[in-house]
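Contents: one structure, followed by commentary.
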Amino acid sequence: LRVGMPEVVFAQGKTAAQVAAIARKLAQRGPLLVTRLDEEKAGPARRAVKGSRYDPVSRTLSKGRMSLPVRGPVAVCCAGTSDIPVCEEAAVTLEVMGVEPVRIFDVGVAGLHRLLARRGDLDRCVAVIVAAGMEGALASVVGGLVGKPVIGLPTSVGYGASLGGLAPLLTMLNSCAPNVTVVNIDNGFGAGFVAGLIARQG
Amino acid sequence: LRVGMPEVVFAQGKTAAQVAAIARKLAQRGPLLVTRLDEEKAGPARRAVKGSRYDPVSRTLSKGRMSLPVRGPVAVCCAGTSDIPVCEEAAVTLEVMGVEPVRIFDVGVAGLHRLLARRGDLDRCVAVIVAAGMEGALASVVGGLVGKPVIGLPTSVGYGASLGGLAPLLTMLNSCAPNVTVVNIDNGFGAGFVAGLIARQG
Amino acid sequence: LRVGMPEVVFAQGKTAAQVAAIARKLAQRGPLLVTRLDEEKAGPARRAVKGSRYDPVSRTLSKGRMSLPVRGPVAVCCAGTSDIPVCEEAAVTLEVMGVEPVRIFDVGVAGLHRLLARRGDLDRCVAVIVAAGMEGALASVVGGLVGKPVIGLPTSVGYGASLGGLAPLLTMLNSCAPNVTVVNIDNGFGAGFVAGLIARQG
Amino acid sequence: LRVGMPEVVFAQGKTAAQVAAIARKLAQRGPLLVTRLDEEKAGPARRAVKGSRYDPVSRTLSKGRMSLPVRGPVAVCCAGTSDIPVCEEAAVTLEVMGVEPVRIFDVGVAGLHRLLARRGDLDRCVAVIVAAGMEGALASVVGGLVGKPVIGLPTSVGYGASLGGLAPLLTMLNSCAPNVTVVNIDNGFGAGFVAGLIARQG
Amino acid sequence: LRVGMPEVVFAQGKTAAQVAAIARKLAQRGPLLVTRLDEEKAGPARRAVKGSRYDPVSRTLSKGRMSLPVRGPVAVCCAGTSDIPVCEEAAVTLEVMGVEPVRIFDVGVAGLHRLLARRGDLDRCVAVIVAAGMEGALASVVGGLVGKPVIGLPTSVGYGASLGGLAPLLTMLNSCAPNVTVVNIDNGFGAGFVAGLIARQG
Amino acid sequence: LRVGMPEVVFAQGKTAAQVAAIARKLAQRGPLLVTRLDEEKAGPARRAVKGSRYDPVSRTLSKGRMSLPVRGPVAVCCAGTSDIPVCEEAAVTLEVMGVEPVRIFDVGVAGLHRLLARRGDLDRCVAVIVAAGMEGALASVVGGLVGKPVIGLPTSVGYGASLGGLAPLLTMLNSCAPNVTVVNIDNGFGAGFVAGLIARQG
Amino acid sequence: LRVGMPEVVFAQGKTAAQVAAIARKLAQRGPLLVTRLDEEKAGPARRAVKGSRYDPVSRTLSKGRMSLPVRGPVAVCCAGTSDIPVCEEAAVTLEVMGVEPVRIFDVGVAGLHRLLARRGDLDRCVAVIVAAGMEGALASVVGGLVGKPVIGLPTSVGYGASLGGLAPLLTMLNSCAPNVTVVNIDNGFGAGFVAGLIARQG
Amino acid sequence: LRVGMPEVVFAQGKTAAQVAAIARKLAQRGPLLVTRLDEEKAGPARRAVKGSRYDPVSRTLSKGRMSLPVRGPVAVCCAGTSDIPVCEEAAVTLEVMGVEPVRIFDVGVAGLHRLLARRGDLDRCVAVIVAAGMEGALASVVGGLVGKPVIGLPTSVGYGASLGGLAPLLTMLNSCAPNVTVVNIDNGFGAGFVAGLIARQG
C-alpha cells in the first residue's frame, strides 16, 4: 500500500498461479501478507516466496514483519471454536505489522466470569478486537469493560435470523458502548490492520 | 380471551369513544386491561369503568387483578429511561394477571456491576423479561446469568442502524443463551402476558 | 451450562474429531446433547461416548436424562413431513431435560379438523411448541386454542417469498395470540430448551 | 378502463379540485368510483357528481352500479375494528360492479369458533376476500375451509415486525392453501375489483 | 384436499420412496398431481402409479383429470425459454383440473407486436396467467389488454437486483392494472390451481 | 461543476437564506438551476437572482440557458398526474442545459394505445426519460419501442409494496430492454442532466 | 432486436444445444453476440456459427461488427483483477456495436494517482463505463472528473456487507456526481449496449 | 462512564427537565457533554449547569474539557452544508476530550482537487473522521490518502435509495481502504469519542 504498510494480497477470486505471481513480486518490497488463501491453492505461492509460512486456520501466507515502534499489544477476543479462523486472520495481520496479538478465545457473553477473569490481559492492551457471530453482544460487553478503542468484527457464524452476519453487524453498530467501531463481516484482516495502526507510536 | 385470562383492549387505532364502549362491556366480565391508550384519549374509558386507574407511563388503563395461584414473581429489566414505558406495560400486565413484577431498571451491558448487584432479585423470580433497544445485548447477558425462561422484548429506542427495533430483535433471536425467546418490538403486553402464564401454578 | 442444565454441543462447523473430543469431556459431567450432527460425522462422537444414541432424523446424539421434578408434558406440533426434523430436535432436547414430548405432527391450518381432534393432547401439556415454515400461521391458531405458553419455531421449509424462514418468523412475531413467543429459524433445540424450563417445578 | 368496467379515480395525491373535475367527466360515461378520498377533500367531488354518495369509512365516493349478470355474492372477511376500512373499500367496489358483498367482520384466527359459525355464508359465495394485518394467518385458515378463489388482502395494521404490512403480505404469499392469491397492502379496491371479475357470468 | 379437488403431492424435500408411497395411496382417491419432482427421483412414483405420465419440463407426475363443468380455457403467457418450466407446471395443473391451457409463450414487453398478435387467444379465455422474471412488467401490460382476472406468477429467473424473484413479485403487486393478483415466486401450481377454480362453472 | 455545465444548488436541507446566498454567488458564473426548492422558501432566492423564474410544480428556480450545440430533443414520459412534478424537474434541467424537452405525460402501460400514438414524438428524440412509480413497467415498454438510450426515473408514488420507490427502481434495473439505465428515486434532476449530456454534440 | 442492433443471446439457463440452435439462426441476420456462455458449453455454438470467436474471460461468443457512424470511443474502467470479466463483457459488446473500448483496468479509489494518470484517455472518450464491487466509490470519483455520461456497473465482487452487489449498486444510485446512471449488478452487456448507443452519431 | 471519560447524556427521548436534572448531577463529577439536545429543550439544562455552553449546530451542551496527554489533532471531513451538524457533534466531543478537531468541511469526491489541497492538514492528524451521506464514497478516498485510522461516519442525508443512511453505511463497511472502521448512522458522538481515545497518549 503506502510507506509503513505491509504488502497485502486478497487471494479470493484469484487462481493459485495469479496469487503466486503477485506474491513473488510484492515480497521484494517488504513484509508480505496473503489473505483468504485456501489450503489447496497455497502451494505455488509458498514456493514462490522463500521463507514464507502458510497458516491453514487463518488461511494466510505471510513473510517478515514490520519494525515500527509500537505502544503496546492488541487483544483479540471471541467466544470459541467457530470464530477462531477470523480471529487468527486478525492476529496474523497484527504480527506482520509488528504488533503482539493477545488471544482471548473463550469468553462468550453467556459466561461472564471467563471474560472477567481476563481483565488483566485486556488492561495491558492499547486496543481490543472482538469477533462474534450470532448476536454479537460480546463487543458491547467488552466495550463497557475497557477504556480503549474496541473494533467490532462481526462474523458469518450462525444460521436463520443471523442473516449471514448482518445480525451481529447491526448489533455492533448499535452498541451502547461508545468506544466500538465496526468492520465488514468476517473481515479479520481489516480489524487487525486498523488495530495495528492504532497501536503504532506517533 | 379464555377462562383464566384478563379482558384486554388494544386501543391503538380506536377512537376514545370506541375504547370506552368496549372497556365498559368487558369490565363486567372480570379484570380489565387497556393498552396503548394515549393520555388525551383516556378520559372517556376511565369514566366508563368505575374503579379503573390510568397510568400515563405505560399508557394503560386497568381494573382488578386475577387471583389464580402463582409460583413466584417475574423480573422486568432494562438499561434506563427510554425503555421504561414498555417495561411498565409489561409490569402492569403482570399485575392484572396477579403476578408481582420486580422492576430492575438500571442495568445496561456497558456497566455489568449494576446488573451483577441485582442477582438476588433475579434469582427469586420464576421468569425474566429483558427490554432493550439499540443493540439488545442485555437479553443474552441476563440469559447467561439465570437458569429460567427469559423473554426478550426488543424496543424501537435507537436510531440509524437500529432500524426501528429490528436490530435488537435480531440480536435477541440469535442469542447464544438458549433460554431466550422473543416477542414483537415494543410488545410489553405480550412479554408480560407470557411471563404471567409461565408464573402460574399448574 | 449451569447447575440443572444438560451439557450441550453445537456440532455445526466443527470437525467430527472436535465434536468427539468435546462430547467425551462433557459426558463426564452429566446428561449430554449434541445437536446439528450430520450422520457422516456422528461416528467418532458415538464411539467416544459410551451409551450414547444417535438419531438421524433430529441429527442429535444424546446420553442420559435429567431427573428434576416436572409439572407436565410439552406438545410439539407441525403440519407434516418437512418440519419433522426440527420438531424431533425439540423433542430430543425435552427428553434429555426429563420432560415428556407429545408429538402432534399432522395438523396444518388448511385442515383444521385434524388439529381440533388433538385438543385433548394439547390440554394435558404445560406448554406447546409449534413448528411451521411457509406462512407459519399454525402458531396463531394453536395459540388461540390453548391458555398456555406457545413457543413459535419458524422453519426454513419453503421457497420464494418464504425468504429462508423469515416469512414464518415474522408471522409468529406478529401473532394476534398473545401467548406466543418466538425462537430463531430452525432452532429446535432452543424451543425445546425453553419449553423444558417452563415445564419444570419450582 | 374498458367496456364493462366502472370508471375509477384514485384520489390520493390529487387536490379536491382535480378529483372533482375528473369525477364529473367520468361520471358521464357510466358507474363511478373514487377511492382514497379523505373526508375533508370529498365536498367538491360530491357536489360535482349529482346523485353520488360519499362513505367516510371506506373513503369512497360512488355513483351507480353495473348490471352485468353475476354468478353469486363475494364474502369479505376480517378479524375486527382495524381492518374494516379496507374491507369496506372492497365491499363498495363490489357494489359498484353489481356484486353483493357478504360482510364477515369478526372472525380472527385466535377465535376459530366465530369463523366456523359463518361457514354457511362462506359457502354461498363464489369468491372470498380476506383482509388481515399483523400476521395475516386468516387467509390460510379461510383458504383451507372453502373450495373457491380466496383473495388475500394484507393490511398495514400492526407495529414493529409487521413492517407496515409486509409481514401479512409474505404470510399470504406463502399460504399453504393453494387457492389464495394476493394483492398489494391495503389495496381494498384491487381485491374487490378482481373478486368482482371472478363473480361475473361468462 | 377437498371434494372437487385433485390430490396433490409437493415432492420437494421428500425422498423418491416417500413420494412413491404417498402418490400410490392418493391415486386411489382421484386425479393425482405430483409437483417439483426431479427426473432422477421420478422413477419409483411413476412405477407406483399405473397410467401416470411424468413430464420433465414441468417436473410433474400426473394421472387422470377432473370432469367438472368449465366456463372456458385459461391462457398461460411468458416471454420465452427460461419461464417455460414454471408455465408448464401451471398448464399441467390446469389439465388435471379439466381446464384447457392456452400456451402463449413468446410475448415479452420489449416486443409488443408479438403480444398484440395473440389478442384473439387472450380474448377467448376466462382468466390469464402471466409468468415473468427479471422486471415482471408483462403482467401489467396483459392486465391492461384483457377485462379478466390476471394471475401474476413471478419467477426466479434473473440475476443481481432481481433478488431471486422479489423484483418481479413487487412489480406485480404494484401493478397499475387492477385485475392482477399474485402468487408466490415460481409457484406455477398455485397459479394454475386458482385459475382452474376461476374457470369452473357454478 | 465544470466547464459547460450549469451551476446547480440542491436546496433541500438548506434554509431560504442559505439558498439565496449561494444562488446569488453562482448566478454570476453562468446559467443557474436550484432544485428541491419549496414554494414557501423560494422568495429570497428569487429576489437575490435578478431575472430568475420559479416553477412551483418542479420546485425549481432557474435563470439562463446554455448554448452548446445539441443533436436533438429529449422525450420525458409518464403515466399521469402524480409523476408530473418529477418529470418537470427533468424538463427544466434539460431547458437550462439548452435541450428541448418533449413532454409525453399520459402514457401508462395499462393503456398501450396512448403510448403507441406518440411514436412519432419518441422517434424524433435522441434520448428518452421514463418516470414511473408503482410497478415502473413503463420503462421496459418504452425501451422496447425505441433504439435510443432510455433513462429510467423511478418515483416514490405508490403505497404498500412499492416501498417508497424501491419497487419501480428494481423493475427498471431488471429491465429486459437493454437500453435502460437508472437514476435514484425521484431524481428528476439527475435524469435530465444525463439526458442533456447525451443530447450534446461532440 | 431492432434495426441497427446486433442480435443477442443470453446463454445463462439454456443448454449448449439450445444456444447453438438460436445462435445459428440469428447469425444469418447480422452481427451476433452470445453472453454468459460458460466455456464448457461454448463448443456447439462456436461450431454452429462459422467465423465466430469465443472469449473465455468475458464468456462471450461473437461474430461480426456493426458499421454505423460513431462519435468516439468509450472508456471501460475498474480497479483490477476481479472486475475484469464484467468489464470485458462490456468491451466485447462495444466492439460488436462498432465502438472502440478503451480499457482502463487498474484504477481503484484507494490509489487516485493511477486514475489521474489516465485523464487523457478519459478525455478522448464520449462516455465512460465504471465497474466496481465492494463499495463502488469509483463511479463517483470518475463522474467528478469527466463531463460525459458515466454508466455505473456494480459487480457482485465482495463479501459480507457487499450483499452480492447491492452495496455498490446503492452507492452508484446515490452518486453525488450527477452524470452517473446505473445498470443491474454484473450487467456488463447492458452497460456496453447503452454506452454504444450514446456513442453513435445521429 | 469510567475514569478518564467525560460524563455524557443522550438527550433524545428525554424531557427538558429530565435532561437538566441528570446534567446537573453529572456536571459535579467532571467534564460534561449532552448530545441530541434540541434548541427548544436546552434552556433548563443550560441554566442548571453553570458555565455550560450550548451549540445549536451540533445540538450539544458542554462544560469543561479533559486534560489527559494527547498525541495530536483529529481531522473531521465532509463534503458540505448538510453533513456539518453531525461533524460538529464529533468536533465538540473531541474538544471535551481535550483533543483538537481540524475541520475540513468542503471536500466532496466530485471535486478531488479541494481534498488534495488539504493533504497537509490530514497529515498532521493522528486519526481522521469522514462524514458522508448519499453514497459515502469520501471515506474510501480519504482512506487511500492517509496511513492513519479513518472513522467512517455515515449520515442520513439523502433521499430514495440512500435508505436513510444505509447506503453510505454499506459503502463504508465495504471500503477497499483497509484503514476504515464505521460507526452508526449520524453518530457523530461515537466517531468523536473513538477518535479521541485513539488520539490519547499511553
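Residue numbering begins at 1 within each chain, and the chains themselves are lettered A, B, C, D, E, F, G and H in the order written.
Just so it is clear, a contact is a pair of C-beta atoms (placed from the backbone, for glycine too) under 8 Å apart; a residue touches a chain by one contact, two chains touch by 3 or more.
Worth saying up front: this structure is predicted, and the values here are computed from it rather than measured.
Novice: Can you list every chain that touches chain F and also touches chain G?
Specialist: Under the touch definition, chain F and chain G have E, H as mutual neighbours.
Novice: Which chain lies the greatest distance away from chain F when centres are computed from Cα atoms alone?
Specialist: Most distant chain from chain F: C.
Novice: Just how far, in Å, is the C-alpha centre of chain F from the one of chain B?
Specialist: Computed from C-alpha means, the inter-chain centre distance equals 50 Å.
Novice: Indicate the whole-number Å distance between the mean C-alpha point of chain F and the mean C-alpha point of chain H.
Specialist: 36
Novice: How many angstrom between the C-alpha centroids of chain G and chain B?
Specialist: Here chain B and chain G have centroids separated by 56 Å.
Novice: Would you please write down the residue numbers of chain D that are in contact with two or more other chains?
Specialist: If we look for residues of chain D contacting two or more partner chains, we find 1, 110, 160-162, 166, 169, 173-174, 184.
Novice: What chain pairs are in touch here?
Specialist: Applying the touch criterion to every chain pair yields A-B, A-C, A-G, A-H, B-C, B-D, B-H, C-D, C-E, D-E, D-F, E-F, E-G, F-G, F-H, G-H.
Novice: Looking at the complex, which residues from chain C come into contact with chain D?
Specialist: These residues of chain C touch chain D: 79, 108-112, 116, 134-137, 140-141, 143-145, 158, 160-163, 166-168, 170-177.
Novice: If you look only at chain B, which of its residues touch chain C in the complex?
Specialist: Contact set of chain B toward chain C: 1-5, 8, 71, 147-149, 151, 169, 173-174, 178-184, 189-190, 193-194, 197-198, 202.
Novice: Quick one: which bits of chain F touch chain H in the complex? Just the residue numbers, please.
Specialist: By the definition above, chain F touches chain H via 1, 12-14, 18, 154, 156, 164-166, 169, 184-187.
Novice: Could you please specify the touching residues of chain E with respect to chain G in the complex?
Specialist: That would be residues 81-82, 110, 157, 159-162 of chain E.
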